[in-house]
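We call the chains A, B and C, going by the order they appear; numbering starts again at 1 in every chain.
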Amino acid sequence: MRKFREFIIEKLVLLCGIASIFFVVLIFLFLLKEGFAVFKTVHPFAFLGGKSWYPISEPPRLGILPLILGSILVTVGAAIISIPIGVGCAIYIAEIAPKKTKEILKAGIELLAAIPSVVLGFIGMVTIVPLAKMLFHLPTGLTALSGSIMLAFMAMPTIVSIAEDALYSVPKTYKEGALAMGATHWQAIWRVMLRAASSGILAAVMLGIGRVIGETMAVMMITGNAAVIPHSFFAPVRTLTATIAAEMGEAVIGSEHYFALFAIGIVLFVISFGINVTADLFLHKRQ
Amino acid sequence: MNPHRTQKIAFSLLFLATFLVVALVGAIVVIIVQKGLPAMTWQFISDVPREGMRAGGIFPAIIGTLLLVGGAIVFALPIGLLAAIYLSEYARDGLLTRIIKLAIVNLAGVPSVVYGLFGLALFVVFFKFGVSIVSGSLTLGIMILPLIITASREALESVPRSFREVSLSLGASKWQTIQHIVLPNAIPGILTGTILGLGRAAGETAPILFTVAAFYLPQLPRSIFDQVMALPYHLYVISTQVPNVDEKIRYGTALVLLALVLFMNLIAIIIRYKFRMKKKW
Amino acid sequence: MVIFKIEKLNVRFGSVHALRDVSEEILEHEILTVIGPSNSGKSTLLRTLNRMNDLLPNLRITGTVELEGENIRRMDVEALRRRVGTVFALPLPLPLSIFDNVAYGPRMHGLRNKKKMAERVETALRQAYLWDEVKDRLHESAFKLSGGQQQRLCIARTLAVEPEVILFDEPCSGLDPISTAKVEDAMLKLKQRYTLVLVTNNVKQAARVGDRTAFFLNGELIEVDKTEKIFTVPRDNRTDDYIRGRFG
């Protein structure tokens, strides 16, 4: 009887363990199931490279290049801002800050991670957006730049915590060796620690970028949502995520528009899958 | 340049970067609290929205969010906990374990709006649950699954190996050992992870956009197959979709949502702290 | 009567050959002490006897171990561990009260009756010479006891399962001389009811409590004999060297 119970439990636990794989596959399958239909009418290359996104015109024109470029623009902007600041924060917290300050700073970063993205989007709307409009004399502050700034901020917890872990796990002897040879603390960090932690920091940056690409609500609220090929940081753009969030509500289930939005979901899924697998490889390389 | 001078400059810049981020976080919280507090009246918390959401309260949205979060946890906690038990107690190093871990990492990385699509395709359309609390809760549940697995696994693995050995050496079976020794000592960590998952679920908007959230529904749901309003979506709606909403209401809604999420985080931190204090080994 | 019969036992972990061709018998109501330098395979032997090694990956075992004529690999592992208890090197109380620590084993084996449980716990604590020190605070955390008390609690916990054999894995390595003497006292009395196997790094301890002593080196059983003989006229020079402290 006891043996039987142990057996059942072992199988049940295994089943739940496998559930994660099951869900990942299920998500991908259902995105494919709903999204693949769009390629009956639009060639995949035309879909990815098409320059106009007019999903409700007659006939609909379903090219997501403007959205891809929108995502890329916003992401690049966010990366430029967040990588130096984020890695800097990580260095400061891991290496320089005194113990008590460290705890406070970490709590602050954790707090940021806890704030819902819609709240940050709202705050961005009432702060960054009017500020951008005023500073750059723009017709609207809802721009790629505003989105990049907000997203850079939102990527911070991911970048800081993973990069800090990476720095923390560099063996103490590395640093001590450098210091013993007469290097200053900063030289030890710059020449030895950063290099030793490089694969972990790279993973941190990648996961931060993954977070940025996938971010939806804040970006939708402050980038202006113009589905045109962007030419400047100071113009409104629309990202892949925002397109799905903004348009799925109106898309008729089973329509081409609906399929196209799922196809965008496939693109996002593939991107995030690629980023996460690569980042995971980097993290394991470190160990 | 003098290396000590370089160090001074570098450290100042790093300090500045860190200070900037943390100060902004603080500023955001302060702004929301300051501007949101004037809206905090009993009526705001307990009344339904009125006049096209330009007056009244946010009661249905609060209840909706609580229901969704409750549903998500009912689904995600058992599966997540058992999965964590598998990984920490039963799994051997091998291909399967590697793939499961990779799947968890990926599940955590899937953009929230893609969860929304998935929930729409699977629960709303395929299972015909419709736009409903069930669909939304299940979608949120799958989304927080990786968080619960990871936290629970860490909690289980932090229970010393030696406890397991002692229990097994006394002739207890594997499951008895887990049930009587490992789980009781991992509960604070599991609880912490679960509450953080709750907080995450409460704040997410994109996964509920097409699976449950109602634009304007000034009443409470009667069954789990009804739509509900939810706080994050409500905040989105009144800040972008409805013109001329009093700023006070927007900030008030943001404050309630923020307070709800931070309250959960606070509980998690307190549990973690108390547990560390009285940790017995 | 032979309790354990070990024949041509080889244990490997991956590429490490931890025990080589060990054959030996363990007799009823004796204290067999096992000595040898670290990594000589003493603890591996112990952990093989109640299959605690099963938990380790990459384990390969050849040869047989029989408990009263029954191959332990074919026995139900929990039943085996009930009959063959272990006391570990460090005092390892479970994070429970004193009472619940001792009651843990019987409880897992289905003893529900409260009165019987109380009796079982008291008997075990008395046998481990701990009862008088803890009888008034049975429901305090076991971590409040001193190191020596904790180790005797662990002995009591093992006794409460009512095993036939008790394996001691360097049980006094973390204890002061007085606590050690108490534990040794307990072992000498326990031998009337149980069979004891004591792995120890302390040669003098082996001389004090062992009926027979086995000397291990690099995974091989060099020799085993009556303790007096091992300590006075060992057959192998290496045994002599070890006992006289020339290596290890």
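In the analysis below, a residue touches a chain if its C-beta (ideal position, glycine included) is under 8 Å from a C-beta of that chain, and two chains touch if they have at least 3 such contacts.
Only a predicted model underlies this, so the values are computations on that prediction, with no experimental measurement involved.
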Which one chain sits nearest the middle, judging by mean Cα positions?
B
By count of C-beta pairs in contact, what is the leading chain pair?
A-B
Relative to chain A, chain with the most remote C-alpha centre:
C
Chain A and chain C, separation of their C-alpha mean positions in angstrom
55
From the C-alpha centre of chain A to that of chain B, how far is it in Å?
17
Using the average of all C-alpha atoms in each chain as its centre, how far is it in Å between chain B and chain C?
48
Residue list for chain A, restricted to those that touch at least two other chains:
2
Please list all residues of chain C that touch 2 or more other chains.
78
Where in chain B do residues touch two or more other chains at once?
173
Please give the residue numbers of chain B that touch chain C in the complex, ascending.
92-93, 162-163, 165-173, 176, 180-181, 185, 280-281
In the complex, chain C touches chain B at residues 50, 52, 55, 57, 78-79, 81-82, 85-86, 88, 90, 92, 94-95, 104-105, 108-109, 141, 143, 154, 157-158, 161
Chain B to chain A touching residues, read off their complex
3-4, 6-7, 10-11, 13-15, 17-18, 20-22, 24-26, 28-29, 31-32, 78-80, 82-83, 85-87, 89-91, 96, 99-100, 102-118, 120-122, 125-126, 142, 145-146, 149, 173-175, 199, 202-206, 209-210, 232-233, 235-236, 239-240, 250, 254, 257-258, 261-262, 265
Considering the complex alone, what residue numbers of chain A touch chain B?
2, 5-6, 9-10, 12-21, 23-24, 26-27, 30-31, 33-34, 84-85, 88-89, 91-93, 96-97, 104-105, 108-112, 114-123, 125, 127, 153, 156, 160, 183-187, 190, 207, 210, 213-217, 221, 241, 244-245, 248-249, 253, 261-262, 265, 268-269, 272-273, 275-277, 279-280
